[in-house]
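We just call them A, B and C in the order they show up, numbering each chain from 1.
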C-alpha cells in the first residue's frame, strides 16, 4: 500500500505536467474546432463541422508541409549520417569531443538569429555575389523553397546527428571486425552491418525532425520570404492575425491527425525493415 | 551614397546588428510574420534591463508599468527618465500587428498597463469592452486643442475618450530609383503592381499584412483601400495571385532587403521610407496617387490594467511636449500635437516624406474597423500567401 | 625434444607450418604489446596462447586475424607474408570473445554471412546446404530461423563457431570463447570443441587465461608474459619441464621454496634452502653452482606418512575432493605447503586429520630447481 502511494507521488509531477500541458490544451483545441468565429474574432461556442468542411482552403499549406517536411527530413538524414558516422566511428576520442561540441554550439543561439545569418548569406551580397564573381550571374537563393530547405537542414541537423551518432557510437565495433573477418569488404560491412544496426538512430532522428518540421513556421517565414507557406504559418495567421480560433483549431487538429497517421505508418515501415524490437528507441 | 550598395561598412553593420538585437527594424516588423510576439517581448524587456535605480523610494504608483507597443517606437532615455522620476520601471512588450495585440487582449490575462492601438481598432476594443475610458483629469499634459483632430478623433467613441494620439504616418512604397527608367520614381499603385509583373519581377516586397497589401491591391482598380465588397475583393485577389510569382517577399520587414539591393520596390510605412531615404538617397518614398493608408496610433489603457496609477503616469509623462519631442527625434514619426511639432527642427517639420503635401494626404484613407475584423479579407490573404 | 623445455619453434613443428610469426613485434605508442614473437603453428594442431591479461596473447591473435598490423616482423600464412593483408582477404576466421553475432540476423543468416562474401558467388543451394551442415556439426539443427538474441549463451557460442567453421578456414582463431559460459557448460564445450577440431582437421589457435582449459584441449601451449613468449610445448612438457617458476606456477599448482645451488652431481643438484635445509633436486639446464633458484615441488609428488624418512610436518587443513584429498601441512621452518593424496593411497594408509604429526617425502627427481623469474 505504502509502495503504491509512493509510486503515485513519484508519477504525480509528470502526470500533472502531461495533463496540463498536453491533454487539457488538446481537449480545448478539439472543442474549439467545432465552434465558430466571433464577429471580431475569437471563439463562439457551437457544434458545427463547418470548420472542417472549410479545410480545403488550407490545402496548399498542407501540401507544402507534406512535401517539404519529408524532403527536409531526407536531406538532413543524407547530410547527418556521414557526419555522425565520422564522429562515432572514425574520429579520434579527442576530435570526437571537439566536433560534437561544434555540432551543439549553434543550438545555444536562437534560430531567429541564425536565420538572419542565412538571410545575409543567401541574399544578393552573399553566396550569389560569389557566384556572380565566378561568372554565374543573377542566381537568386533567398526567399525560395531552396533557401527554406537549407534553413531546415541547418536548423535540424543536430537533432538528426545526435540519435544517429548515439546508435553508431553504441554499435559493438567487434561486429565490424567480425564482418571483416568473415570476408566482407568495408562497403559490404557498412551496408549489411553498420547501416541496419543504426536504423534505431535513423528512425529516432527522422521522427524528431519530421514531427518538428510538420509544425515549423519560422524558417519558411524568414528564409522563404513569406512565400513558402506551411501549416505552421497558416496556424500563426489564423490565431494571431485573423483570430479565427475555431478554424485554427480545426487546422491544428487535422495537423495532429495527419502527423499521427504518418508517424504510425512510418513506425510500421521501420519495423518491417527489420529493426530489432528492443532497439527501436522511440515508441 | 551609391557605394553603400556594394559593401556594408563596419559601422553600418554594427548599427544593423544593433537593430536586429533590439528585435526589430520597423514598426510592425517581421515579428508580424513569425508570430513571435512573445519572443520579441523578451528581447524588448531585456533592453531596459539595467535601468538606473529610482532616485527615491517608490510606493505611490508601484514599481513597474507594462507597455505593449511597436518596435523602435520610443526613446529608451525617456523610459529611464520616467523610472527615475517615479520609481516605476517600464517593461516593454513589442508587437508585430494590431491583430496580434487584439488576439492577446481577447485571450485575456495580458497584464498590460498601457498599449498602443491604431485608429481603426479602437471601436472594436470598445465593442469588446477591452479598453478603459480615460479620465482626462489624470492626464494634465493632454492639451486636446493642441492636437490635429484628424489624428485625434478616432480616440473618442460615442463621445467618450478612450485613447490619446501618439504618432501618425502614411503607407506608401519605397523604390530604388537606380533601377527605374531615367532614375525617376514611380508615382502610382498601378505602376507599382505593373512593374512588379514585368521589369521588377522578383524584386518587389509586399507587406505580410492584409490591411495594406489588400488595400493597395484594391487601389490598382481605384477601389477603396477599405473595401469589403465581394466583387472588388475578388479583383484584388486575382491581381495578387497574378503578382505572387513575381514577388521577392511577403514580409513587413522590408528594410534589410531594400538596403542589400535584393529588393528594389516595397510597400513601406513612412518611417521606413524616411530611414531608407536618409541612408540611401536613391531610395524614394512614394505615396501612390490613387491614395492609400493614413494611420494614427494612440496611447490607451486596457480593461483590468494591473497598475492603473502607473499607466496614467506614463501616458501623462509621454505627452509632455519636451518628452514627446525627444520621442519624435528618436523614431522620426510625426505627432499630432502642434506644441511638440513647433519644438522640432524646421528641416524635420518640412520633410516631404513625414509631412506629405496636402493633395497627396487628402487622397489617403484611414483604415476602417470593418477591415480589421472582416473574415473574408483574412481568408483572401491566406489564399494569397499559400498560393 | 630436450628435457629443459626450451623449444625452438621450427624444431617443434610436427607437420608443415600453416602459420608463422617471425620476429613479430607490436607497439602501441610507448606500450609494447608484443615483442619479437617467433612461433610456428603446425597444420591441424590445436595451439593455445596462455597467459594473464595484458601478456600479449590477444594481440598475437589479432595480428594473425589481420586486425592489427605488426610494427615489425612477418606474419606468414601457408608460407606467404600476409602482414599487410586486410582481414577480409585472409583465409582465417575468428570466434570472438562475446561471439559478436549479428543481432539483426537469424542464426542461418549469421552462418551464411561469410559464404555470401565468396567471389565468384556460391549458388544459394550450396550456401543453404553448407549452413545446414554447419548447424548439424554444432548440434543446432532446426535453429536456423531463430534470432540470435533468443538463444542461450552456449547456443550463441555454437552459432559463432558454426559461422567460422562453415568457411573452412585455414586457421580458426578463438578469443577466450568460453569466458562467458558457466563452469559446467564450459567443461562440456571444451570437450566438444576438441572433438570438433579433431573431426574437422582445422588448425585452432585458442587464446585463454584459463590453464585448465589450455591443458585439457591443446596439443601445444604457448605461454606468454609481458608481450613475450616464455615457453612453448605440449601440456605434459610444460607440466613436467617448466622452464621457470612462472611457467610452473601457471601450468598446474606447485609448492615453491627459494634456495641456492650448492653442488651438482650428474643429474642431481643440491640446493640449500633458506632455512638451511639441503635438498636434492633434478637438474635443469642453465642452472649453475651458487645460483639462486626456486625449487618447485608438485603437490601430488609428495607422500605423507605417519613415520619414516622425510621432513616432519603437521596437518593444518584437510579438504576432501573425491578422487583425491588436499592436505595443507606446516613445516616449522619451510612454512605451509600443499600435498595431494590420491584416494587409493588414503584407502591403503588411512586418512590423516588436522593436527596429526607426519613426515613428508618425495623422490629427488620430483623436485625441480628453476629460474626464479
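Everything that follows uses one rule, which is that contacts are C-beta pairs under 8 Å (C-beta built on N, C-alpha and C of every residue); 3 or more make two chains touch, one makes a residue touch a chain.
Worth saying up front: this structure is predicted, and the values here are computed from it rather than measured.
**Q** Closest chain to the overall C-alpha centroid, by per-chain C-alpha centroid: which is it?
**A** Checking distances from each chain centre to the full centroid gives A.
**Q** If I count C-beta pairs in contact for every pair of chains, which pair wins?
**A** A-B
**Q** Would you kindly tell me how far, in whole Å, the mean C-alpha position of chain C lies from that of chain A?
**A** Using C-alpha averages as centres, the distance is 56 Å.
**Q** With chain centres taken as the means of their Cα atoms, state the distance from chain A to chain B in Å.
**A** Between these chains, centre-to-centre, one finds 35 Å.
**Q** In angstrom, rounded to a whole number, how far apart do the mean CA points of chain B and chain C lie?
**A** 88
**Q** Any idea which chain C residues touch chain A in the complex?
**A** Chain C residues touching chain A: 65-67, 86-88, 92-94, 96-98, 100-104, 113-114, 117-118, 149, 163-164, 167.
**Q** Please give the residue numbers of chain A that touch chain B in the complex, ascending.
**A** 37, 39-42, 57-58, 60-61, 64, 110, 112-113, 116, 119-120, 123-125, 140, 142-143, 217-218, 221-222, 225-227, 229, 233-234, 236-244
**Q** For chain B, which residues are in contact with chain A within the complex?
**A** Those residues of chain B that touch chain A are 7-8, 20, 30, 33-37, 39, 97, 99-100, 102-103, 106, 124, 127-128, 202, 205, 208, 210, 244, 247-251, 256-257, 260-262, 372-373, 375, 378-379, 381-383, 385-387.
**Q** Which residues of chain A touch chain C in the complex?
**A** Residues 172, 174-175, 177-185, 188, 192-193, 196-197, 274-276, 278-279.
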